[in-house]
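Each of the two complexes below includes chain A, the first together with chain B, the second together with chain C.
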Partner chain A sequence: MKLLRQPYFWLIVAFTALFAALPFWNQNITLRETLVLSAIYIILATNLNLMIGYTGYVNFGSIVFFGLGGYFTLWLISEHGWGLYPAVLFAGAVTSILAFLLGLGILRLRGAYFALATIGINEAVKDFVANFEAWGGSEGIFLPFTAFRAMGGPAKALWTVYLLIVLVMGLSLLLSYVVKRSKFGLGLFAIREDEDAAIVLGVQAPLYKSIAYSLSAFLPAVAGGLYFFKNGSVVPEEAFNLHLSIESIVMVMLGGQGTVTGPAVGAFLYERLRGILLTLPSLSNFHLVIAGVLLLLIILFAPGGLMGWLYRVWPGLRRGLE
Partner chain B sequence: MPEILASVLDGLLIGLVYGLAAIGLTLIFGVMDVVNLAHGAVIALGMFTVYLLYKAGIHPYIGLLPVAVIGFLFGVLIYLIAVKRILDGPPLMTLLATFAVSMIITGAGTAIWSTSPYNINFPVTTLNILGYTVTSARLIAAIAAVLVTVFLYIFLYRTTLGKAVRAVANNREAAELMGIPSQQILAVSFGIGTALAMLSGALIATLFPFTILSGGIYELKSFVASVLGGLGNPTGALFGGIILGLIEGSVAPFIEVSWTNVIEFVIFVLILLFFPTGLFGGRR
Partner chain C sequence: MKRPILEVDHVTKAFGGLLAVNDVSFTMYQGEILGLIGPNGAGKTTLFNVINGVYKPTKGRIVFDGEEITGLPPYRVVKKGLARTHQIVKPLNEMTVLENVVVGACFGRENLGLEPAREVAREILEFVGLADFAETLAGKLNIALKKRLEVARALAARPKLLLLDEVLAGLNPAEVGRMLGVIRKIRDQGVSILMIEHIMQAIMSLSDRIVVLNFGEKLAEGRPEEVANDPRVIEAYLGDPEMAKRILEEES
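The block that comes next holds the complex of A and B.
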């Protein structure tokens, strides 16, 4: 295994292990809930980066995967009595396949047209689900309390789900790293730089883009399943919250698009920042404004994000820190 | 049967207002290849501007004039701050920058006005046209939308500045070689696009209750309308708006309102896929 000899691989493992271990220190539930949110943000940002950073396609509706994953999972558990593990894997697979098929269609669109289509898809799916009676319409799906019993009661189930979410986070980082180092990833970067040139050089652009789109759907869908299982319910407004989609873009840009470390760092910092803003009474109403100003400043003055800045200051980092 | 026709008529009238919003979006895209994601936020801002003017004792229809002026200045400001610097960069950047502007406006609006609904109460009469009743507010909104569009066309085709805007839209380098100050023209175009969005918002505010988040719905409708008409084509956008209004009007009696959005977005994605230059041909 070449992967096992890469220091960066072990960095991901260490980071994930630290995340998993921290709240166990003194069974700190508050810390766990904070970290769960960070981990979800890292998952969303890291997977979104496969599209924005690697392929150069802005997906404004990435949250649709997260929401669909949540819906499929809760529906399978509450209506069909599935266990959590098969349900989330199935949800991830179905969402990923849907994304692949959808991608074959909408990824023929470029630039702004693609971005518009992704917003349309998220809104259409949200409105569809809000009207879809089998999934509870606008009321959503509520898990029966018995669903937690199979996992040793709610208290224990929440810890298990926490570890699973952290695991998905680790896998997201790993996926991001492996794709970046692969020939496939090189093809994606070629598409980002100049799609027509990439096609001429033999990159199968439509297929590559669809695979990237589909890959970026799987882990967020699984995470959505786990997250809404933890909540015990899922409603359309929360599952397909366009804001979270947008905030994921801010995270990716903040950390540095196109890098592996960047989006994760960006997501973590953004979560911290948001937490601070929400607790300050004078600023809690302005967190969207501050996020917007932050995004604008990054775009105007530091389009490479945090990692771009670090690379400029210490060019040597480029080799070790992906 | 009469109910359907009345509903279609309603749809046609509101469609003209959608068309106005779509023209604002499509004009900016046509001139500088920027999809303005702050469009919805600006529409909402138009609603609240006319509301504040109304609270200050200015009749909403008279308030349209200051709304247009404020909209223009605000648009120029957005262009100078958020768009100018990155206009020649990757398209992704202008998308994100205008989105950031949208977040700032929406966030500030939420902090000031919360997300609860507002409405403008002014006396409205109902009129009888060929046996169908329409409210005067709807009729006036539609007429105002048509008038603004006519003015825009006179501006674009009959004035020097308007011709300069079209020249820059056609080919910026060539226009610059002809001595047209393209930066100023771009700022003016962004201003006009924003003014149109705020005007349409103000007109919508005279018809329906609104919140600071209402802009999002109309932004999507503007996208659908301008994509229907071909991005960058103002006439197409107006017709796109009318088509959208007619669709809404003709399905309204049969299905619940909550489904109309689903139908519109499906049309939107299908049009993007199969007629990416719109039904009336794009700019090129």
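The block that comes next holds the complex of A and C.
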């Protein structure tokens, strides 16, 4: 595939550039913080889609990658004096390798059993970290203020981290796109449709699934590192928040699993919706109720999500809009 | 000299105490069409599953094209050049017919890249008469077309040996005729074919030789007319061979 000749590639680039530039327009910090959250959601949903949408395995504990990325990064920076860049890359790589090894085991499970295992892993890791003294136990890790000095002070560091998170968002979309158009992606889709048939047709399913699982861990781990660096601290409850795992599934389903555009659109819309609902004073966590109802409605009435609906209305879109 | 393409060597497959396949041996030769018949539950599909690696045999060996493949997983077996179809069709529903066949070409013996695989897939859709449905979602095909898709996907792997599991079942006479034509064309390309079939007329006319299974054991082996007149085979199918003979005589 000649990537540079694909219009969709340039769409991703343009979208990412727009995202990066928006808050710089008038140095709008509120807008920046909203967009950071949108970008994080897009990263989580887009990478989760590699499992749910491409491979057909519902990962209920995808947030564990995000949390581990955050922990590895902050630990390396605060305890070992690493810089942010090597720390997040290392965090991503280690999380990815862990996911690969884990995948070889738990991806033998199918359907609901796999989903349950992924919840178990997230909870087990959360409990482990909460009792792991080297990572601060239940109090987590706090970055010393000096950590931001290398990046020209906190104010400047936050802008840099914003750009980095947006970059990771762009890379996530690109990864989704490249995988979808590749032979590897074709193998994943075959597994999604009928794993036994795929194996008989020659797809090395155990390896393919583990690679997909591992790929879906890398960028969320990097994003976790950047996000918790930006926050200056990481604690188990926030790093391994199962709610966010489930909300990511809603985003993927809302936008349309198995497409590249869908999960990103779903994540963006969900973030907007959540923002509105969170400001309602009387109902805390009401967005979770909405998320649950939304998920139910999508699965029952529109399993293809927004993209599925669009493809039905304009079948021609299937060709251009991945 | 005929070269063996597949040797099934004293293969046993047990599920708990049940011997689904019991000490079955036979050899098939390059370019041959070998029919595998037997009453329901005789162990035919189980034997297919052992041959292509879905099940590991409890005992015995499978030798394909001079190389032992016993216990290899199916995705390795197909890369060696041994492809199969399923009795209960397994289309990749949400993918197009073309994509289904591309999967076969991509991950088959030649391990092609996407672009060459698409070329091969189009060629094969033409060959089995599915070209008009290339862009249709596989789940939307009727049963006859789904059977043809099974064959197309298996062929896309460019196999040396093709296992066909009841590709004629559920087809109307016109469709059976078309499928028989496809099978003959495949054989003419030099592909060896091992096929399970219940439609006797078809299997008798197509096969060079026939192996009969009953209760997991090999009951008979030989040319179609030999097998058809074997009293043990008739008994297995109809119960009492004397009665069977009477029925046959009355018929003629």
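The criterion applied here is as follows: the second predicted complex is superposed on the first by the 317 of 322 C-alpha atoms of A that agree within 3 Å, B and C clash if a C-alpha of one lies under 4 Å from a C-alpha of the other, contacts with A are read in each partner's own complex, and residues count from 1 in each chain.
As a convention for this text, a residue touches a chain if its C-beta (ideal position, glycine included) is under 8 Å from a C-beta of that chain, and two chains touch if they have at least 3 such contacts.
This one's a predicted model, so the numbers in the text were calculated from it and none came from an experiment.
For the composite obtained by overlaying on chain A, chain B and chain C can both be accommodated side by side without a clash.
By the touch criterion defined above, A:158 reaches neither chain B nor chain C. Contacts of A:178 after superposition: neither chain B nor chain C is touched.
In the superposed pair of complexes, A:190 makes contact with chain C only, with no contact to chain B. Contacts of A:287 after superposition on the shared chain: chain B is touched, whereas chain C is not. Of the two partner chains placed around the shared chain by superposition, chain B is the only one that A:113 touches, whereas chain C remains out of contact. In the superposed model, A:202 makes contact with chain C only, not with chain B. Once the two structures are overlaid, the count of chain A residues touched is higher for B than for its counterpart among chain B and chain C. Chain B and chain C never share a C-alpha pair closer than 12 Å once the two structures are laid over each other. According to the touch criterion, chain A has no shared surface contacted by chain B in one complex and chain C in the other.
Of all residues in chain B, those touching chain A in their complex are 29, 33, 35, 81-82, 85-86, 89-93, 95-97, 99-104, 106-108, 110-111, 216, 220, 223-224, 227, 231, 256, 258-259, 261-262, 265-266, 268-269, 272-273, 276.
For chain A in complex with chain B, the touching residues are 52, 56, 58, 60, 105-106, 108-109, 111-113, 115-117, 119-121, 123-124, 127-128, 130-131, 242, 246, 249, 253, 285-293, 295-296, 299-300, 303. Put simply, chain C touches chain A in their complex at residues 52, 54, 73-75, 78-79, 84, 86, 90-95, 99, 102-104, 106-108, 113-114, 117, 153, 157. Put simply, chain A touches chain C in their complex at residues 1, 182-183, 186-187, 189-190, 192-194, 196-205.
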